[in-house]
């Protein structure tokens, strides 16, 4: 099923949507680089852990934004064409790993 | 207290320790860049979510490695010099945000 | 909106569905009581932490089962009657607290 | 090692410490029973998910309290008797499952 939905034409992301997500990911990329520097500079462990927490939180927000869009487009289309349950099961399956 | 421990001379990370953590962070940085490309290429949302899960798991592992070293050096030294409880409370405080 | 969906007639849970969820919750309730006894018997902290992890995992599974049913019924009905986005936003909102 | 520490005499929990943890667990037990009733009464899924989130958060707080005490007593004693690293590795190991 995953494959099926994956190949279906869904509403492509608008340029604005892409830019918004990519910008958030660029900021996260910069934070990850920042931690590398903290490690090299022998910075205090607790300060590094605080940064790791911040990145995890930022990544989770991106994940929720991607998930929300997925539900509003892909899952919604699937429901409308009678394939909702398969799309929902696919999403729940990925969330199982998320919440673990 | 945090400040106090932070300014204390702790065992500096060896070059090998730094390299091991930095390499893992470089890999994570590459994964974050990979997601940017997936978004720009309009890749399927579920595949993006799977990647985000993978990065979160990799970051958590780095966090645990940093935390383990922190306990084996900073917290251990603090315990030995009678300041253990303050160091432990500082660590628990950062874990509160981790587990939230 | 939440209120609106909340008052809408949704497919009521079957007796079998209720029984399956309630049985899992009864098991979790028993596990929570088990930890109380472990604390009273002065059992080793690590063994208690392992049990807390187990309960968290079991609760997350119940949450995903409830969420899956919610999507397959409430959200699906909302999509079919043109109110999908509101239902999806309500669900994402609760997941924000879940993943935190 | 785990076994070793487990059999060591550690500072037993005071009655007050036990009561504080057990009371929190009793409240959690009541919340789990509350969800059973919500399911039986066919309450709205989102309200059930909010309750599950609340229980998870409460359980995590108990876990952190148990972990803090563990570090302040068992791990501290282990450090003082030269067995700190084994105790720290045991704790990190249980946290690996926690943060997953």
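The chains carry the letters A, B, C and D, assigned in the order they are written, with residues numbered from 1 in each.
Please note the rule applied: a residue touches a chain if its C-beta (ideal position, glycine included) is under 8 Å from a C-beta of that chain, and two chains touch if they have at least 3 such contacts.
Keep in mind the model is a prediction, meaning the values are calculated, not measured.
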By the touch criterion stated at the start, how many steps lie between chain B and chain D on the shortest route?
1
Please identify the chain with the largest separation between its CA centroid and the CA centroid of chain C.
B
Pick out the pair in A-C, C-D or A-B whose interface repeats that of B-D, meaning over half of the contact pairs match by residue number.
A-C
List the centre-to-centre spacing of chain A and chain B in whole Å, with centres computed as mean CA coordinates.
20
How many angstrom lie between the CA centroids of chain A and chain D, rounded to a whole number?
30
Residues in chain C with touches to at least two other chains are numbered 60, 63, 67, 91, 98, 100
Linking chains that touch, what shape results: line, ring, star, complete or other?
ring
So the touching chain pairs work out to A-B, A-C, B-D, C-D
Can you check the complex and tell me which residues of chain B touch chain D?
57, 60, 63-64, 67-68, 71-72, 75-76, 79-80, 84-85, 88-89, 91-92, 95-96, 98-100
Touch list for chain C against partner chain D, complex:
2, 5-6, 12-13, 18, 21-22, 25-26, 28-29, 32-33, 35-36, 39-40, 42, 44-50, 52-53, 55-56, 59-60, 62-63, 66-67, 69-70, 74, 90-91, 94, 97-98
